[in-house]
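I'd like to ask you about the structure that follows.
As written, the chain order gives the labels A, B, C and D, with residue 1 at the start of each chain.
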Amino acid sequence: MLTALALGLLGFPLLAALALPLGRRGGLVVHGGSAGLCLLLALAAGGSLGFGLPEGVLGLPFGPAWGGAGLAMDGLSAWFLLLLGLAGASASVFALGGPPRGLVAWPLFLFGMALALLAADSFTLLLGFEAMSVASWALVALDHREESNRAAARLYLVFAALAGLCLVAAFGLLGAVEFAAIRAVPPEGWRANAVLVLALLGAGTKAGLVPLHAWLPLAHAAAPSHASALMSGVMTKVALYVLARLLLDLAGPVQPGWWGLPLLALGAASAVFGALRANLEEDTKTLLACSTIEHVGLVTMGLGLALLFRGADLGALAALAAGAALLHALAHGLFKTLLFLVAGAVLHAAGSRRLDRLGGLIHAMPRTAVLALVGLGAAAALPPLSGFASEWLLLQALLAGWRLDEFGAQMAAAAALALVAMAAALAAAAMLRFFGMAFLGRPRSPRGAGAREAGRFELLALLLPAGLTLLIGLVPGAALALAEPAIRLLAGAAQVPAQGIAQGVGLAAGEGQAGLLPLSVALLLGLAGVGAWAVIRWRSPGATRRGPVWNCGFIDPPEHLIFGDPLSQPSAAGLAQPLRRMLGGALLAGREAVAMPSPGETRPARLEAGFADPSGRFLLTPAARLRDAVAAQVERLRDLSIRGCLSMAFGTLVGLLALLAWLEGG
Amino acid sequence: MLILGSILVQLLHLALVLAAAPLVIGLVRWLKARMMGRRGASPLQPWRDLLKLLRKRPVLAENASVISEVAPFAGFAATAVAVALVPSFARGMLLAPVGDLVLLAGLLALARMALALAGMDVGTAFGGMGAAREMSFSAFAEPALLLCVLTFAILAGTTNLDAVSATFHDGALGLRVSLGLAAVAMLAVAVAENGRIPVDNPATHLELTMVHEAMLLEASGRHLALWDYAAALRLTLWLALVAAVFLPFGAAPAGSGPLAWLVGLLAWAVKMGGLCLMLAGFESAVAKMRVFRVPEFLGAALLLALLAAALLFVSTGLA
Amino acid sequence: MTFGQLPYDVAHLLGGGMLLLSFMLLYQRRVGAVVNALATQGALLAAAAAWQGFVQDAPQLYLTALIALGAKAVLIPLALRLLIRRLALARGVDTALGIGPSLLAGVALVALSILVALPITTGVAAMAREDLAIALSVVLLGMLMMITRRNAILQVVGLMSLENGLVLAAVGVAGMPLVVELSTAALVMLVLVVAGVFVFQIRGRFDSVDIALLHPHRGEGG
Amino acid sequence: MPEEFSLAWLLVLLPWAGAVLLAFLKGEVLAARVNCGVSAAGFLLALVVIGEPFAVQGWTRLDALNLPLLLVAALIGLTTAIYSLGAVETEAFDTLRLRAYHAAFQTFMGAQALALLADNMGVMWVAIEIATLASVLMVGVHGTPPAIEAAWKFFILCGVGIALALLGTIILHLAAQPVTGGADGLSWAALRAVAARCDPGVLNLAFVFILVGYGTKAGLVPLHAWLPDAEAEGPIAISAVLSGLLLNAALHAVLRVKAILGANPDVVPPENLLLALGLASVLVAAFALWRRRDARRFFAWSSILHMGLAACGFGFGGAVGNLAGLLHMLGHSLAKSAAFFGIGAAIRLRGSQRLADLGGLCASQPALGWALLVAVLAVAGLPPFALFASEFLLLAEAASHHAWAVLPLGLGLLVAVAAKITVGQALCLGEARPDLAGPAPGWTVLGPIWLHLALALLLGAALPGPVRALLGEAAGVAG
């Protein structure tokens, strides 16, 4: 099994190597091949989860200078591999419909992620992890002729390097290279705490946790849509996988419960911050990227809760929290892939990512619109879609937070509960704004007015994640049953009770006290809807009439604007106004300024609105300034004459001799 | 037998609530009118309005999409399912195991989303404005609601509404400060969710202040009827929720017979009437607040709910 | 070999003489006198090498002595004098660190050398140990001279003095193989440095072949 | 003269014979081809040497530590010669300079091989000196004022360094003399064998001088001042061999002495001194990278950084640290010379080596641009190249045994990687520039780059078992 998987993995670099000689015809081969391989990965992972995981570690015949590399698959890797396979297949199929670009980087990106997930030692994991970063950087930099994309790519790779360095140090603190050896001797004391900090810094950076998220919205917007889909849907999950692997698996079962608190705090901050920023962004892909920050935060909270519950010996609740994290990771991976692909389809069809240039696409792209509705319903955590099921689990875990035995932890869980609820509501607002601006209303630009329905490859690519989002939403229990090994791993194997949180196709929480049966909810919704429809048809059979829209008192649009005056429609900034005023001022330095003409002036009044991410002001700018100051000091060494250089050498020599004299004398 | 009983209770409950919802609206309006010294329309007036609207042919804007036609049904369905989960005169309904408070919040969010989508469908300025405001308010209302749920979960050990109601009815909880705080928070959320004064004014069409009505400007005929009916159901739902949790007295326990149901029905009618009276009184007494003051109103509710939970932590932690 | 024996005394005397001359180098205010002192140091080095050759019965050291005498005591000083005359250099010594402070620094360096060398080499033959301390001092003083003098000729002199210290150390160690080869190789480098000064007509400091021309190039320009 | 003639000597003598030949050979193209031929022969010889048993033969020794370095040196010599084949025409040499350049190059290669192969520390010193003189000649061969300036600085600073190294060598002998009685007094094997019985104080003293002396040649901060200028002036090919080979030879010499001291338990740990200089190099170079405006100086500073990292690896010591250091040296040689080849080609196209003048290579010269970009990423230590593996090992080792060093090391690495990404993107990405639109560089440029990168890839992620064993043994030799 593992051998077959390893051979399958090798297919990716092979495809990358094929890309160059095949030239323009390579698109079909590379993307088609990638889709096939991804489906195989998903099948293998799903099959393993359903019918038994492969045992042991597969040693590779080659490796780094100090030892062999190894591959292994346990429940956790298989779960994330499943996500990679499904999302990767959709994104690859989507890419078939576009121009063949980034053909070398794409399979390598997939390869890096798969390698990181299947690695059985820290070097292989980080090799895959960093290969994933570099390959995706190449995809971000694909349109490098635009300055903004270059800046995004640069920031992205620097953050990726930071993540890599922190993770290397974290693994170094764990001592051994092979996971089995690390598990045998878990870290203790300050070493363990340092691992916690470094893992949070490293994986948190790559996952886009606040305040290390600055790269994420930029990079996801710059990459081609299928690449952003995977970066957002899967790559951040790989980072979370590493976080879970490090903190909940490799660091051993003995770590204290408070380890969960920083995860909970960072996760909650990311959730609210990301969701809020998604409400203010005016670019479809940036908006979706910010929503990714939110959902990554939610998954992190689940992991943190699992740690908290584990530390308090509440095995069942730890399993609940871990299940929430895992299910949400899968659900988000799929619906975010779907949404990014929708954004890509919209970009292809309407030629813009700016909300203010879209509108009314539901008429031109009805199928895409329906599929988009599925994705954003899940992102907004609406029943009966997958996002609701997983957030329900998370909320249930948080609602059980009072069972923790410390007041601080209880309060943290309560505050986190409020923040999750707020994040969910903010996400709903953001998704509504996205759909409303892009698909509803009237077109806002001629290009948008001439949009056509997405191509067949693109629709096919949207269909798979949309179907899965619906499926997981309806039968989350069945999905979680697959995650059982992973939940056991995360919750601390011994403590989990036999009866899991998956109950048939539904979910159960709080030792069976609360349950969710989305299938029945969906059935009831359908029943109510159809019933209402039948009654209404009976009582009110008249057909609808069409009439001109009431334009709220605006004057009629000029002749040349055949699709209506975009200025009379809500704008992206206008829709963001309530939240910008309510929350944006404090969290995002949101601002509004009205430039009113004085009486008698003929110029129009202008409203300037905007916001600034505080990570730039408080993190990036000071860091750059500090770097420049140090560099300026260092530079003074360079201005020395030869005599000065000799003096430095002489000083070194004398210093070392004096040191020697001191060491030996004393 | 038990199952048959629960099915019967469920159906009766559904029929009762569906029938009562417009009456609740009408009652509140009538009470308000009386308090303000007017005669007021009959409490049956909303039912008459609904039937009249059903007879009218709906007019849709030229560029309205399928959303405009489907969203009313979706919004109504979500609200109707939600209302079916909140016990009224008796516990132990067929859907009680499904009746989870978090799910309830989800269903309400679904209904809200459907309404907001419909508001944005045509692309008029008011629809978008109302949708944005409605969604923004929920960012404060939902956390407050969930913190209230947390209080119940701590006391009852579950988020199942039926079980919570049963616990509060049977359990010797006594009077708790935290429950009082939670009740206030819950009422504030209920006011906001239903677009009542001081958050929104259901009777106004003054452009700059409206939230809920702004999204319905384009709806007409049966669509408007559905929206109005859903709004009525929602108000009923919230009042029933408050009644079920904080005033669980008199409701028939699970598996009881028709006599208990009758008692429960009476008790429910009294409770609902009382709540309507409170609502009308409150609405008559306060003024509508500015839109951007609403977060402060809801934020206060949120803090109250958090305080309630914190007090419970202290008391249960020491126990 | 114990204290008071003749081989030790003579070697010590010669080494001490070289150290003294290193101080002379630092002390002199006129370039001509510096070159003279350097020539004397070279001659002393030759004598020390020859003496070691005699004591250790190592004939190859005579060769070293001969090379040292020819190159360091005669040829290079002559070349330097020629250079001074050709370039019409200022006869004064241009110092970065005044004469007095450099002498003080020199004394400190000698103290450091002794501190480093004496206590740690107790197991080594006494002669080599004493010589090592002196050679270290000469090397450090030579380097000190390189960095405290602004004049190219004086910097070359510093380098040569450093070199002398090296050879002194090399000949002082009994049984050192390849002494001739190593000292010759070191000498080659010295000669090349002097040649470089000749070829590039360096007037002022080492750093620049021609200051006016070079300044914009050092480093990366604007 | 050696008592026994070994195959290893051929590695030294062949290039020197070539040097004599090239010194008298007129005809530019012919000379360049002969240069290539000699280098190819040297490389083949190095391959043959793999089969030789590890042993001391007279003044030379072959062991696991110098064999990989030797192979990489011979390979880079060959690729540099190939690269020069395409480059000589554009370097605007007159015949005399060309002859001097080729002769110096082969002299350098021979001395380099000797420096690596020498068992006798005296011979090693002489070899490094010859290599220095030859490279001074190569750096200054253009005769332009900046080239002369750089060569002069190089000469003086390294001259003093070399002198100090000689003193260190003499003191080393002094330490061993009471034990060995002078016989074989400079043989590394002999010194190492008796080190345990030597006076630790003398050994310490010797190491200080060796460290400062050879450390100057290895470009460790604060002894680094010559390096950026030397690598930035002179023919471009020279930058590749300077950073790829000369630095390695010097660090290798330090390692040998460190290994000697390692055999004596009473010395002040030489690792700590090496680590201090290494960390200083990493930090200073990382920040200095941000102030570079000259493309070649940028990469030269990166050489300082990488030598510092390797020194840190050896400073951590032990099997893991030494392996990391060794791997880093090898990976750096391969990646950095590839980067120099690429940037050299770009500089030739543009006629300027200011970073501001170069840019948009991927658009104007796709083949060159992408190759250079990958090479820069390899130099930055991104996977899957060798520097990633060695930096992983280095940082992991720091974290597990020298936790305090993680912060400075990590900071330096991060700052440096950020600088390299910034410059790499500035060089390669962006709009096409018309002034870079010359004829596309041929296989003499791209071949060496991709060959180096492929080898760096193998070294980093997919090392065959025997090579792995060899490197492990080498880490043991470096003690």
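Brief remarks on what is shown
Throughout what follows, a contact is a pair of C-beta atoms (placed from the backbone, for glycine too) under 8 Å apart; a residue touches a chain by one contact, two chains touch by 3 or more.
None of the values given here were measured: they were computed from a predicted structure.
Path length between chain B and chain C in the chain contact graph, taken as the least number of steps between touching chains: 2.
Between the chains A-B lie more C-beta contact pairs than between any other two chains. In this assembly, the C-alpha centroid of chain A lies 34 Å from the C-alpha centroid of chain B. Between the CA-based centres of chain A and chain C the separation comes to 68 Å, rounded to the whole angstrom. One simple way to say how far apart two chains are is to compare their mean CA positions; for chain B and chain D this gives 76 Å. The distance from the centre of chain A to the centre of chain D, with each centre set as the mean of the Cα atoms, comes to 43 Å. Within chain D, contacts with two or more other chains are made by residues 152-153, 156, 160, 164, 201, 204-205. For chain B, the set of residues touching two or more other chains is empty.
Under the contact definition stated at the top, the residues of chain C that touch 2 or more other chains are 116, 119-120, 143, 146, 206-207, 219.
You'll find the chains touch as A-B, A-C, A-D, C-D. Contact residues of chain A toward chain C in the complex are 638-639, 641-643, 646-647, 650, 653-654, 657-658, 660-661, 664-665. Remark: chain A residues 359-360, 362-363, 366, 377, 380-383, 388, 392, 395-396, 398-400, 402, 405, 407, 410-411, 414-415, 417-422, 424-426, 428-429, 432-433, 435-436, 440-442, 510, 513-517, 520-521, 524-526, 528-529, 532-533, 536, 539-540, 542-552, 554, 564, 568-570, 574-579, 581-583 touch chain B in the complex. Remark: chain C residues 96, 109, 112-113, 115-116, 119-120, 140, 143-144, 146-147, 150, 155, 205-207, 219 touch chain A in the complex. On chain C, the positions that touch chain D within their shared complex are 116-117, 119-125, 128, 132, 135-136, 139, 143, 146, 159, 162-163, 165-166, 169-170, 173-178, 181-182, 185-186, 188-189, 192-193, 196, 200, 206-210, 213-214, 217-221.
The touching residues of chain B, counted against chain A in their complex, run 51, 54-67, 69, 73-74, 76-78, 80-81, 84, 95, 97-98, 100, 102-103, 105-107, 109-110, 112-113, 116-117, 120-129, 131-133, 135-136, 138-147, 149-150, 153-154, 157-160, 163, 217-218, 221-222, 225-226, 291-292, 295, 302, 305-306, 309-310, 312-314, 316-317.
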